[in-house]
Each structure stands twice: as C-alpha cells, then as structure tokens.
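Same chain, two partners: subunit A is paired with subunit B first, then with subunit C.
Moving on, here comes the complex of A and B:
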C-alpha cells in the first residue's frame, strides 16, 4: 500500500509541470466518470433535503426502504440473470401472476397450501424461460419480451379479467408478510435483507456464483473451463422466478387484493435499479450489494420527487432518464472519460 | 547515433497504472526508412509505450515529438492523422462487416448525397489485398476469416494512409510461415518508401531478419539500443532479462510408461480423417502442421467440444466417449486453448478466479469457495511461471499479452491432468518464459503426464517433443521420433503440396 501512495505522490509532483487547465479538466472528467452515480445521488439527496426537510426524517427513510422492498427482491433475482449475460423483462407480469394466483388460492385451499403452490407455478414459468434461453440458446430479450405478454395473458385467463380479493381480510394471518413488524422492523424489509444477504453470499462466495460471473463474462471461456453454461443460465432464471414469487407474496399480503396489472412496468424499474447499481448489461460484472444500493437510490429519488410535489406519473419519465444516465455513466466509467471517440 | 533526423521521438515517457509503473522515463525514436525493434519481457511496457504513441493512453509525463514539434496525442484518430498507424497485438475488427468496410471504417469513399461508393471501395481494397497476396477479397465478411487472415486485414489498414510510422505489435504471433514472408515483403516495401517501422516481437529469427536497430525495455525502463548487424542473441537477452539464458533441453531420460491415450481411425467430417496415434505416460508428442491442418480440431474433439463422426478414443486402454469439457476434465484431460482472449480467459475477472475456474467446484470449504487455497495456487504458479502482476486481484484484461497467456497455462497445469494438451502454448511469450514453459512441459512428462503439444513453431516442436506427428489438411502424413526428425523432412511432410490456402 505504501508503495502505491508513494507512487501517487511522485506522480503528482511530476504532473504539476503540465498545463494546469488540461490537467484539472481531465481529472474532473475522470472522477465524474468513475463515481458519477454516487455523486449524482449525493446531489439529489442534498437537493431534496433542502427542498423538503421531511426527506431525511427516520420515518420517511423507513418508508422508502419499505416501499422499495418488493422491487428490491425482484432486482436481486434479475441481478443473477443480468450477470449471466441475459435480460429478464418478464418479471413484472410474472409478479402480477404470482400475486393473483396466491390471492385466488388463499380462499380456495388456504394460505398454507396456497403459498407453496404459487411458488411452484411461478418457478415453472422461470424454468420455461430458463430452458428457452439456456438450453435452446434463444435470445433472452425476445424470449422474455414475449413472456411479458404471454404471462399477462395467462394471468387474465386465470382471473377472468377480474380483480382478485381475499374474502375475509380481517380474519387471515396471511397479512403478516406485508403488513406486520418484527422487532420494530417491517417484515418486507426483513425478508429483503435476508434474501439479499443469502443471495449475496451465494454469488460472492460459492462456486456457483463464480460460474455465473464466468458465463456472463465470457461464455466460451466458461465452456472451455468445463462449466455447463446452459445449466447456469437455466438456474439464474429459476432463481429470478423464485424472487418474483417472493415479491408476489409480499404484494398480495400487503394489499390482500389486487388488479391483474399490479406488476406492470416493474420490469423496467427493476432493470433500472440493477443498472444503477453498476451491473453491466453485457454480463459478468455487478454485485448484490451494488444492486441493493441501486434499489435504494431509485427509491429515494422517486420518493424525493413525490415530496417536492412532482406528479406520480412523472416518475415513469424520470425512471427513463435515470436509466439513460446510469448506462452512460457505466460506459464512461469503463473508458475513464465522459465522452470518447472510440468505443 | 544516426545523423538522420528521426521521424518521431518519444521523450521521458512516464505511465503508471494502479500498483504498476508501466513506463518510467522511457525515450525512443524512429528514423524514416528503418525497422526499429522494441523488445523486452512480458509486461516490460512495450504495448503501453506504443499505446501512448498511438493516442490510446495519455502519458503522466513526457513528450511525443513529430517533425520537431511536440504533439499532445489525445486520440487514435489524431495519431492516424499524424501518420501513425497502429497494428494491435489484440485484433480489433468488426466481425460482421466486410473486409473492405473494416479497412476503410470511418472513411468510406463517398459519391454525391453521402452515398457510399461501393465500386471504388471494393476496387481500392482489392488492390491493397493484392499487394498482400491473400486468398480472400474485399467482400468477405471478417468473421469468416481465420485469425491469421484477420491479422492481414489489420495490416491492410496500415496501407491505406500516407504513413509516417507503422507500429506492428507482435504481428506474427498467429501467422503461418507463408504469411510471414508476405508480411516481411510489405515491411520492406514500406521501408523503401521512407516509412519508419516499429516492430515488436519475441522471435529472435525475425528480429535479425528484418530489423535495423533494437531498443530494449526492462520493467518499464529503457535499457539501450543496439544495431542489429552488430549484436547477438545473447547480448539482447542479457539486456532484456539481465542474465544469460540456458536453452539446453533438460536431459531427462525418464521412463516412458503405458499408453495413456489411444486414438483409432478418428474422423470428424471434413476437418480431419482417420487419425491414429497414441501417447504414453512420460511422453511429449508434438503436432506440427500449417494453420488449418486440423490439429486444433483434434484437440477439441478429445476435450469433448466436438463430436467425432467415426473412430474410437481409449483412455488407459478403455474405450470412452467424451461428452463435454466437464466430462473431459473429469477423465483427467486438460486443454490449453489456442485463443486466450476468446477461449482461455474471462477478461473482466481477476487473475486468481480465472486460474482456478475449472476446479472451483473442487476447492470447497463447506459450501464456500476456499479462497485461501485459491490464493495458494495462484501464488505458486505466479512464482513458477514468473507472472508479472501486482497481485491476484488484478483484472486479467489489464495484464500484458504474454502474462495473460501464462495465466491460461497455469489454469490448466494446476488441474494436474493425466493428459495435457497445449495448443500454441507460447504464443506471445518472451524468450525467458518460453524456455521456462518448455522445461515445465518436459518436467511434467518426466512426472508421468502424457503431453500433446500443438505448435506452428518448428523450433518449439523440435525442442520439446519425443515424437512429432506431421499433419497436412486433416490427415497425419508421418510420425517422426526425435532421432530421425530434421527440419527438412518435417517441412516436406507438412506441406503436401505447397499451397497458400485461405483457411
């Protein structure tokens, strides 16, 4: 370490001889490029705090985390898919499916059976996508875009297009997942935290996680290393569908009733969070921790915009702007410049 | 030294990366019409110096002087406009585009209304390709070309501009002998037009054949410049690595054991047919032939990447079917693949994780990867193969070309396979490490490994092999024992008919 700092000092003293303007210019660009997202987030925070003093109040913070939990849980699974070099645009409509199914089955077979049944059905959908993308090597964008609409159709067919409600909303214990607190912390936050740490460890510390990175980083090299690429991709989608089922459970338990379109549009928000966290859409780079940061950044920005009085629907536009910004900064970080004539 | 004015000069160049001082006060110049070699061990800073010159990196300090004018080189485009053409160590072509489009990318000839003048484009391209005597034309899609031919496309790019200096960074690493001859003709041609050539290579024969001066870097520092006509191998090596090199073969007269691998009548479509050979424990069998002779395809078949259309494979006398690379690994086969960037490495991953990737499932502590064991493996091979990197956390993509290759070799050696197949193992590796790897291969054999070495370098096969199998166009022409083989009969065996086929 000391060697390194010495080098840096040596470097600085030599650098002073360069024309100052160009030097400081370059430096600022570099810093912006590398830490752009965090800097932008810090500016947002400062701005919102000035605009509205409620923004950093503890209950508001807790509220943001809590309302981000469902999105967050989904983002964890999508992180695996993105790391393996693929996309998943079907998570939003898959989440609607889970929510509707578990609410419907709740009254038909009781919550104890409804929950595992819903998980099984959702994960079958994940397995189907995994099979198509992993084993048949179909383009994940096309497959999951198709699935987005197919699963929506499936949900509507299942529900007959009607909203789904639990009959006895007062009498069921099913609301524990979405509405209760444990040791003073809302259960959705606990579930998000638990899942995040488990999946974080799975990704960072186990052979399986290593393989996910390898497959996304260079699929051919992974194959040459004896890794079964198809199986890794398949499991990523199954894992993602497990997370979606969990999100559906949280959603159903929170509202105890739902429209068919409850998850609509979430796929983009989830993707925004994952990219915001710094995962590369090319695969092979990103972490669960970064995704959690991305989820929180997105949550705080959306909350802040509401607090300063922006219309709810403006969020869709803002989310898009954030995605573009994040992708740009991601590329800029790789080349160390905000703009460069070469790729 | 020379009275002629240099075409360009680099002065006091300093470049650091986190944890690495890649260039430390390096100066270098090229005179018009000379071929100036830049030599040094893997990681010495050759490519970095050239990237500074080519506008890809900004130096932390120092100057680039062209025509006595200091120039701040901010982009490759600018470098090109100053007449500096860079042919990279790693290919940078758009695979989906045609040869012509790649060569003139960014400056396609235009007709009115911004329409591309395809006729002119293709005519211009074909005239350049003719000069290079290649077997493809302007309309060929680059993705369909062999690596060697892609290299020729890169070279063709250099011929499109009025160049002041052309940089060749290890251009011959994947060229066949015939293609090399063409390349050297091109270089001579450029030279006679007063272009300064910077030539990076680890191959001494080439250096002596075509260069006029040699500058040497060691650990990012300038070590001196020699006149090629007045120097020797030894003197260069001495400057490069600070000691003499012992090139004698480890006279290991070890026992040759049982047959470990036997291949009978193996065929795979048109790629290779009726391949018969066996490899014993303790034996190194070399496969020599031209690029496209089917050697790599045989290796891939043995490693479960291709399905043979006929024939049998026996391991320790028992017939086996190898379904997948995982299956091959489980059966004790390792393959160091030909293309380190595409097949060997996950460039965005760190050194350690790359090295242990095939065995990560076996390195467990409970459900977790045993990271301390991994670091131990990394340290062992870093030491053994002299891999230059600040530590295991370094991203492999940031290593120099030769050091990346060493990571790939370490990756498969550390599997302790019973059958080790290495395909062009020393591509891009410096002289010192090359002999180290050759010694290692001999040593592994003496420990009872069965080793197959595929190489297009005759000295390499001659040096390491106990037996040499000469291939031509998918068939085995002849098998030599190390006593009976000579350069001449080997060349005869692999050429079949002298042809310059586009692979």
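Moving on, here comes the complex of A and C:
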C-alpha cells in the first residue's frame, strides 16, 4: 500500500493542515495552542510550587498520583473507546459493580477466585456493550447511558441495596493492591504505570493501535482498507471494562468495604480527564500519554488548590474553565481562528 | 420522513402504546401481586404520578429543544440545584427582610434569572468558541456543581415559607401546581417549536447545519436562545419542586441530566438533531414514572427500576434501528 493511500485512509496520521487566517504566520502561536495543555500544566506546577513549598515534596506528589490512580486506570480504557470514535458513560456504575462483586465474593469464595471471577463478570458487561455498539452499530452514547442505569440496577439488586464489607479486615492479604508499597512506591501507582505503559505501547506501536486510530479517524475508510471495524470497537469496550475491573479492584482493596454507589459520577470525571488530555470526542486523535497528563492535571489542581488554602470545591470551577480553554485553544489552532465561524 | 406512512405512525405512537401497555400490565399484575388494596389506576395515584413527573418533565421539555437543535446539555442538574439554592436562600437575605410575602416573586425571579444566566453562558460559549456542546456542558456540569458547593458547603440550604408551600400543594381542577407548570411548559414549547420561526429554524439547524447556514439562518443566536430556554426550564423545575420541599441538598439534581436524556430518547428524539417532538418527550417522562410506580406497586424492589429502564432504552434503540434499516441502502460491513 502506498504511503499516500495509507495516509488517505487514516492509517498514517494525517499531515496537519496548514492553518489559514490570523495564526497562519504565527508558528509560535500554533505551538502554544497545540501544546497548550502541557504548558498550562507546567505553569500550574510552577505557580503552586511558589505558593506552597510543600507542593513539590515527594510525599505530596506520591499522594496525588496515588489518589489519581483509580480515575487514571479507568481513563486509560476510556481513551481507547474515545479514540475509536465512541463514548463510554457506563464506566462509573461498572466500577461500582466490580467493587461490590469482588468484596462480596472475597468472603464467599476467597480472594484468589474472587478476583478472576470479578474480572470475568465485568468484562462480560464490557463485551455486551461492545457487541451492541460494535456489531449492531447502536449509538454509543445511548447504549452506555442505558448500561449506566442497568448496571446500577444490577449492582443494587446484587447487593440488596446494602453496603458491602469484608468480614475480617485485618486477616486478609487482599489489601495488598490498594494499601501496600513496593520498593517504596505505592502499589496503585505501580499498577497504573504498568497499565499505562502497556496500553501506551499497544496503542502507539502495534497494528492493533493503528487500527483503533483508523476506525476513529474514518470508519468507512478503515472498512475499505480491510479493517474489521466491528471487532476493533468491540475490543475497545472489552479493554475499557478490563481497566474498570482493575479500578474496582484497587478501590475495593483500598477501602475493604464500599457503598454500592462508589463509582457514581466518575464516568464524567473520567471523560473530563480524557478530553483535558486532548483526545477528540470525534475519535482518531489522542494518546495514552496525553490522557495520563490529563489525569495528573486534575489530580494536581485539586491538591494544589487545597494547599494554597482554597475550598475543595474550587477545583470543580477551575476544571470547568480549563476543559473549555483546552479544547477551545486546540480547535482554534486547527481552524486558524480564535472565534468560531458559527454565524 | 414521509408523513402518513405506517412506520412513521408506529414510531410516533409507540411511546403512548407503551404507556397503555404499562397501565394494563401493572393493573393486572397488581391484582395478583400487590399488597395494597388500591387499584393501580386510581385517580389519586395518577394525579400524584403527574406531580412526580413534573421536575424531570419540565427539564426534559427543554432538553428536547436542545436535542432537536443538535446540541446536548449535561449541566441541567447543577443548574437545577443552584437555582433551588438561590430560591430558598434569597428569601432570607436581610435586604428583603420585612417584605412579607412580597419576597416570593422576587425569590422566584432571582432563581429563574440564575437559570437563564447559566444557560446563556453555556450558549455563548458554544456559539463563540465552537467547542462541542457536549464538552462545554460537561465542563459546566462540574463548574456549576462547584458553585453549588461553594455556596453553602455540604450543608443543606433550608427555608420554609408556608404561603409558598400552600401554593405548591394547592390543587386546581384536581391537578397539582407542579402538574400545571408541566402542562403549561409543554404547551408553550409545543407552540414555540411548531408555530414560530424560531422553532422551525431550530429543526432546520439540527437537521443540517450547513444547509441552514446557507439558507441564511443565523445558527448562533438560535442556539443561544435554546440554551437560555433550557436554563430557564431547569430553574423553573427547581422552583416548582423546592417551593414545596423547602430544603435543598448540594447533591440534589445529580444524574438528572441522564434521566432527562433517557426520557427524551424514549420519546423518540434523535441525538443527531432535526427530529423529535415535545409531546413524545412528555410520553417518555410519563412512561419512566409509570415504570417506577408500577414496579413499586407490584412489590418489585425499587432497584429493578434502573435495570428495567436501561434495558428498555437499549431495546428502543434496537427497534428504532430495525424500523429505519429498511429502505436504506445501508453498507453492511
């Protein structure tokens, strides 16, 4: 296949179109806008460091990454789904589901069996969504909205509406995933890092990863070049549910007991992190690395604002402003104009 | 869409058929399973059902406009909560002290103004920056919720004004005040969408934005107005509900956006825009509320409601796909 054809069907990343208009001669402006989120992140770090010298202390950084790990693990999977041109709003209630299931099974069949059983059940849900969206081509927003509600109902029915707790909290090794350290680094961070690098390589360096980009960039073109679009979308959802199951494991292991609404609302925060990282909701653009940056930005903003003495909830307002600015600058750089052409 | 064909008729009437089915099913099942002596189709029960449908219903009517216009609004739940706080808190502000009941219209006005301003902010950002409405309102959902929490921390905001409670609990011609709000809003928006230039333009924009622009329709202002309308309706919904309850938690209204979208989609409005009807949305809202009440009536756990609604939503999507697939030269790949 010639290089040109590959580029046309989206197998190779499309060359950036030359912007026309106000920014056309301003290479610097374009760079600023394209890498705006990294620059903003750097500015944030510098600002917070000046404001509070504890901000860059190793234990603080460790704490932030550790508390972001659960959100981060979920965001990794959602990145695949978003890249393939779909949405996943069900990850929050799916995370509640896996947390409740693993805690319940822990006492019934023991942790060794409970963990694979929970992964299998969660990935069955992911496969169901993947089948509906991938093979039946249903709208992913509505399907996952329906699954959000359905899985929430499933969790409530499963737990009988009660909270789930491990009976013997002291005597179980199950807490190792969420609470212990390995060579001085908390295990949740290690799992997050391991998963991020594995999925990052999968996305950037393998044929499968190129297929995900191709399907999200132009599904029809991908089909014509012999890519099984349905299967790619399907696997993205299964991958996402795998990440959700991992997040559920971390959550369950950290707290050893849980409400059945533990993941409620996380779906939109995860999506916010992915968007903040610069992934396009239209699909086909974004990377794992950028998503990790998005997750870290959310985490550090929350931490930094607290350290400079602002209320906990100020982070929501800052996140709001940053999300819109990040996406705005990104598309402004693409179209070469700051303001939208909408009449 | 050709009017008058059987499939169009089926699609239009499907939600009402579903409601009739629910009524019959729960009445019959209730005879055998229910612990209560009352029939499901009791008049009081139905009136209460209308009243309970109002908060979601009023917002859903607004969401229909937004979705016909080709946008989406995820921030309605937060707008709802913030308006409720403004409503209840403004009645205790010292500058309005000693005004007696004259403070009620002022508090209402302030609450509704809050909704309109928040909606306008979303609309302006969507218009001027060209960022997708999904992202703008996703951000706003977090931001507005942040404002809610900044206002009063995690404490509930409470203020009971008995005149207001009496008004909200009043029944006129059998219907509760909140139901009248829902009826009035549905009628007004139906008129707006079907009989005015703005409404027809909103359909045109949602159907094909480029064509609408070429036809000389100014897309931006129409979107702005629609976002202001949904902001207004979200706060109106809060006014209808919190006038009676008198206490708002900062978490109130969470996940409302998802319930509302579910109702609108059940009513047959397309996410891609250009098609949909306010009356069908009302059907969607009633269907969900009937399901909630009906499952409770036959003694099923309330938890099964979520399960049922999720499955129904996906089933509707599947059905819709089967109905639409005919006649289209769809590429099977």
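As a working rule, the second predicted complex is superposed on the first by the 294 of 343 C-alpha atoms of A that agree within 3 Å, B and C clash if a C-alpha of one lies under 4 Å from a C-alpha of the other, contacts with A are read in each partner's own complex, and residues count from 1 in each chain.
The criterion applied here is as follows: contacts are C-beta pairs under 8 Å (C-beta built on N, C-alpha and C of every residue); 3 or more make two chains touch, one makes a residue touch a chain.
Note that this is a predicted model, so its numbers are computed, not measured.
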Could you say whether A:223 touches subunit B, subunit C, both of them, or neither, answering first, second, both or neither?
both
After lining up the shared chain so the two structures overlap, which partner does A:124 touch, if you call subunit B first and subunit C second: first, second, both or neither?
neither
Return first, second, both or neither, reflecting whether A:205 touches subunit B, subunit C, both chains, or no partner chain.
first
Which partner does A:42 contact after superposing on A: first (subunit B), second (subunit C), both, neither?
neither
Just checking: does A:313 make contact with subunit B only, subunit C only, both, or neither of them? Give me first, second, both or neither.
second
Touch count on subunit A, higher of subunit B and subunit C
C
Of the partners subunit B and subunit C, which touch A:182 in the superposed model: first, second, both, neither?
neither
When the two structures are overlaid on chain A, which partner does A:112 contact: first (subunit B), second (subunit C), both, or neither?
neither
Should A:148 be classified as contacting the first partner (subunit B), the second (subunit C), both, or neither?
second
Check: subunit A residues flagged as touching subunit B and also subunit C 220, 223, 340-342
Within their complex, subunit C touches subunit A through residues 74, 125, 127-132, 134-136, 138-147, 149-150, 153, 213, 217-220, 223, 254-255, 258, 261-262, 265, 271, 301, 303-314, 317-318, 321, 331, 333
Counting only contacts in the complex, subunit B reaches subunit A at residues 14, 16, 18-19, 21, 58, 60-61, 72, 75-77, 303, 305, 324-326, 328-329, 335, 337, 342-349, 353, 357-358, 360-361, 363-364, 367-369, 411
Residue numbers of subunit A touching subunit C in their complex, please.
89, 132, 136-139, 141-143, 145-154, 156-157, 161, 220, 223, 229-230, 264-265, 268-269, 271-272, 275, 281, 311-317, 319-321, 323-324, 327-328, 331-332, 335, 339-343
Note which residues of subunit A are touching subunit B in the complex, please.
3-4, 7, 11, 14-15, 17-18, 22, 26, 201, 205-207, 210-211, 213-214, 217-218, 220-228, 284-285, 340-342
